[in-house]
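What follows is a pair of complexes built around subunit A, which joins subunit B in one and subunit C in the other.
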Partner chain A sequence: MDCVICRCEEVLLSDIVRAIEDGYTSHREIKLKTRAGMGICQGRTCRLLLDQVIASVSQGPVPKTIGIAPNVPIRPIMLGDLAKGGGKAK
Partner chain B sequence: MSMYMKAGIRMTSAEIVVIGAGVIGTSIAFRLAESGRQVMMIDRNGIGAATSSACDKAIFLQSKRPGLHMDLARESRNMYNTLEEELGQSVEFKGAGGTVAIHTEQQMLFMKKFVHDQTQAGINVSLLNQKEAKEQQPILADDIIGASYSPDDAEVNPLKLSQGFATAAKRLGVEIMTHTEAIGIEKSNGKVTGVKTSKGVISTETVINACGPFASSIARFSGVPMNIKPRRGVILISEKVDPIVNGSLLDAQYIAAKHLSGQQPEYGIGLSLGQTDSGNLLIGGSREFVGFNKHVHSDVLHAIAYHACKVVPALTNIRIIRSMVGFRPFTGDGLPIIDRSEQLRGYILAAGHEGDGIALSPITGCLVRDLLNGGGPTSRFLPHLTSDRFKEKTLL
Partner chain C sequence: MRMDVAIIGSGPAGINAAITLAKKQKSVVVIDEQGKVGGKLIGQLHEDPKDGWWIGKQIAEQMKREAEQVGVIFLLQREVWAIEPGWSIKMSGHEDITASYVIVATGAQENPTPVPGWTLPGTLAIGAAQVLNNYERVRPGKRIAIIGVDPLAFTVAQELKLAGADIVGIYLPPEGLFATEKAKPQSTIGYLSTMAHLAPNPWLRLAGSMAKHHFIQKMGSRFYPKAGMKVFGVPLRLRHSIISIEGTDQVEAITTVKLSSEGKAVKNSEESIVVDAVCISGGLVPLVELASSCKTVYIEELGGYVPLHSPEMKTSKKNLYVCGNITGVEGAKVAMEQGKLAALSIVYKMTGDEQLREEVRSQKEEVNRIRAEATITFMPEIMSGRKKMEQMWNEYVHESRDTHDIR
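Up next is the complex of A and B:
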């Protein structure tokens, strides 16, 4: 049965399985191919699920998600606030 | 260990090995396969996973200097007209035009000359007054004094571009091995005999270094030195918003940062703004020589944000969800090196597209095909893209 893995970008389990079968094996490649983890939460919700899907399809251990580096800003921030010198100013 | 690691690769051979699967390597693999060559393409990461997924999406003509640079860009831009049909899939190509915003009288002087030279060179570009500029890009600040506009500027989704070339190449028989790092070039009697990879040796007589900003490390194995430096760029990515940008938007400070080596703004800041089909804004950017340092000091982020809000105040209340760091492959004159080595037969370099690799991706596949096969429609460019052009310069 199909289900949603990445809610922000509405990426289905079947999209991810298809990408893995097409040779996109790492977290980063799957993100670039399917947009899973590219949305507003930046993978905070789906990262662990995605790791488990990769592990189960490739029948390997759960990857350590080295592919998706945590990125600044850690949380969404208004451009105007960033211009002022960051979230602290809020 | 992934399933690919477990399987390893057989000791194998190919007529041509392309190292690097960014927008450049994938375009090369596709054109070579199309011309009947047997090609293997390897990448230490994934398809388009390095510079080609940490960049803007603009195919700008009006930012190019008239001459060779412009001619290459124009020819490549025209190839985009039929590319989706050739690849059998969308790369989100749009000929939506491009605007360069001008905010100071000094920039106006520079841009007047720039636009004049481009018009002379046959580029369809015009200078807009303040009212026309605001009509073209309503989000521009009220104190903008004008803009230049070209309907021929275009945009593409770079992720789809390398994936599209790779999928089409695969269909033509190209074997693609990701997570496979080149760790040496095997040679004998001044000729390439193979590529040593993290998963075994591929024997071949022809190897193409399409490693973009990382090309110098392959050059080191090959014993053929060259100097491509990484020029770091940072882009801020916003949440999804309704379409607010018409085509691509730059500001004159960006053009200045790109072309004037003397008076660089701090961190090489200049505005670049584009919007993806999904609605995210790409807000750039910077140009710095800091090696391959991915750690971006927050001052750079503040500077990009500050400048963007100044030129486009409408961005002030838009939320940024992440930043992107990429390394432009810098050769020194803004043009790539597409050349075979004199010292090592069978070793070909195709890298160094700096900030124009997306724009020049289509033509680069054809350039390398024509270099290997001889003749062909793009061969007239090749004498200008050799690596010894830099030697001549230092001799003079």
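Up next is the complex of A and C:
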């Protein structure tokens, strides 16, 4: 059974399983190897699935802390919002 | 804009926190990404055996009116993309807001089970189907299959049927990495039986009463009719799973497979069924992103990663509080009481008023009372999850003391 895990970057379950088998075992390693979680949603959908894949393939418990830490901006935003740098909007 | 408290999320927890704070003469703003106040309340519609019909849309409207009467400001259709200590709340396309306290009440997100073909247009997460159907009044499809057997799947099946959809069945997800117990007939019947007692939905009562004991669970899965059982015209297919969703540009069919009573796929039993939409229910997970600067812990019984918080709803970050499903997946009534508790805790912290200490204490009891009476339990082990959280918080407070890291 193969299916898309990271929709933004079109990464398949088989790509992730292969990466883990090749020794890329942490969220970060898998992200760097496969691009899973690097798209526009920044892992909002696949973060949860990656947790499950890693725990299942490595047969270990789910890690105690979040694998891919959500970074700000937590939503896609306009560059203009960032450029305002906390200043006032019109 | 400078406020005493900014609340992120206008669901049942957020609005009730806002009402409580405003009644105590605090200035409050509630921010929500949606255009309407109420969060997931808006889509809720079911009959409660004790309290009659629960019409979430009306409850949300009532609460909004009450909140506005006591001076709560709502800022809608704004996405918060960061909260910075101080607190400065950053929103897309709008001016920042500063507030002395923040309550993060962002609720939960769906975690639909991946199935081959699930990225085809026409496949929706069950909560999205609920919003589309009940709130936007757009039926997601004419012939719909549902994957996943849980309270939300039952509720939405009934609602889609009310909207005139033909539901071909509620099926188990394919067994694999993303569904182990949830893909087995026997454990699903066992799970259903845990909510038979006071289920608000006739579906759940029927499905649940099928099996309360291990023995009956076993018999249940063995004798569960292979064709499924129809409840209110919707087949509940505990002996079939959907193994893939088919189509070229959109959903055109599902492929199902028969299961033995132990949950093994029966060889050559694949069948193709024409549908134009598939709804996947895989449970809910606390939406913690905005509180990710807090210490987070993994507690499976609560639904996954949650911000570490005290029984009074404060987090490891100074003046940042949480309430509602971000603390663990539960029903709207519990969320409302948690909202009130978070609000009272903040007022106590602000004023140091002894009477408030008493109000906080009795509100904590109220949360527990409502939790114990809940008619739908999304997480069967919620009570032990809450206990774990309290223990972890106590350990954290001890450690912080030892390292002089006390806030």
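Please note the rule applied: the second predicted complex is superposed on the first by the 81 of 90 C-alpha atoms of A that agree within 3 Å, B and C clash if a C-alpha of one lies under 4 Å from a C-alpha of the other, contacts with A are read in each partner's own complex, and residues count from 1 in each chain.
What we mean here is this: contacts are C-beta pairs under 8 Å (C-beta built on N, C-alpha and C of every residue); 3 or more make two chains touch, one makes a residue touch a chain.
Here the structure is a predicted model, which means the values were calculated and not measured.
Visitor: Contacts for A:72 in the overlay, against subunit B (first) and subunit C (second): which applies, first, second, both or neither?
Guide: The answer is both, since A:72 touches subunit B and subunit C.
Visitor: A:33 in the overlay: touching subunit B, subunit C, both, or neither? Say first, second, both or neither.
Guide: first
Visitor: With the two structures laid over each other on chain A, which partner does A:25 touch: subunit B (first), subunit C (second), both, or neither?
Guide: first
Visitor: For A:3, decide between first (touching subunit B), second (touching subunit C), both and neither.
Guide: second
Visitor: So, A:56: does it touch subunit B (first), subunit C (second), both, or neither?
Guide: Only subunit C; A:56 stays clear of subunit B.
Visitor: If we overlay the two complexes on their shared chain A, which of subunit B and subunit C does A:48 touch? Say first, second, both or neither.
Guide: In the superposed model, A:48 contacts subunit C only, not subunit B.
Visitor: Indicate the residue numbers of subunit A shared between its subunit B interface and its subunit C interface, in ascending order.
Guide: 69, 72-73, 77-78, 86
Visitor: Could you pull out which subunit C residues touch subunit A in their complex?
Guide: 79-82, 88, 90, 92-96, 109, 111, 114-119, 174, 176-178, 243-244, 285, 288-290, 292, 296-298, 300, 304-305
Visitor: Could you pull out which subunit B residues touch subunit A in their complex?
Guide: These residues of subunit B touch subunit A: 1-4, 6, 45-49, 53, 159, 163, 176, 178-179, 236, 238-240, 278, 283, 294, 296, 298, 301-302, 305-306, 308-309, 315-324.
Visitor: Where on subunit A does subunit B make contact in their complex?
Guide: Those in contact with subunit B are residues 9, 23-26, 28-29, 32-33, 35, 39-40, 42, 58-61, 69, 71-73, 76-80, 82-86.
Visitor: What residues of subunit A sit close enough to touch subunit C in their complex?
Guide: 1-5, 7, 13, 44, 48-49, 51-53, 56-57, 62-66, 69-70, 72-75, 77-78, 81, 86, 88-89
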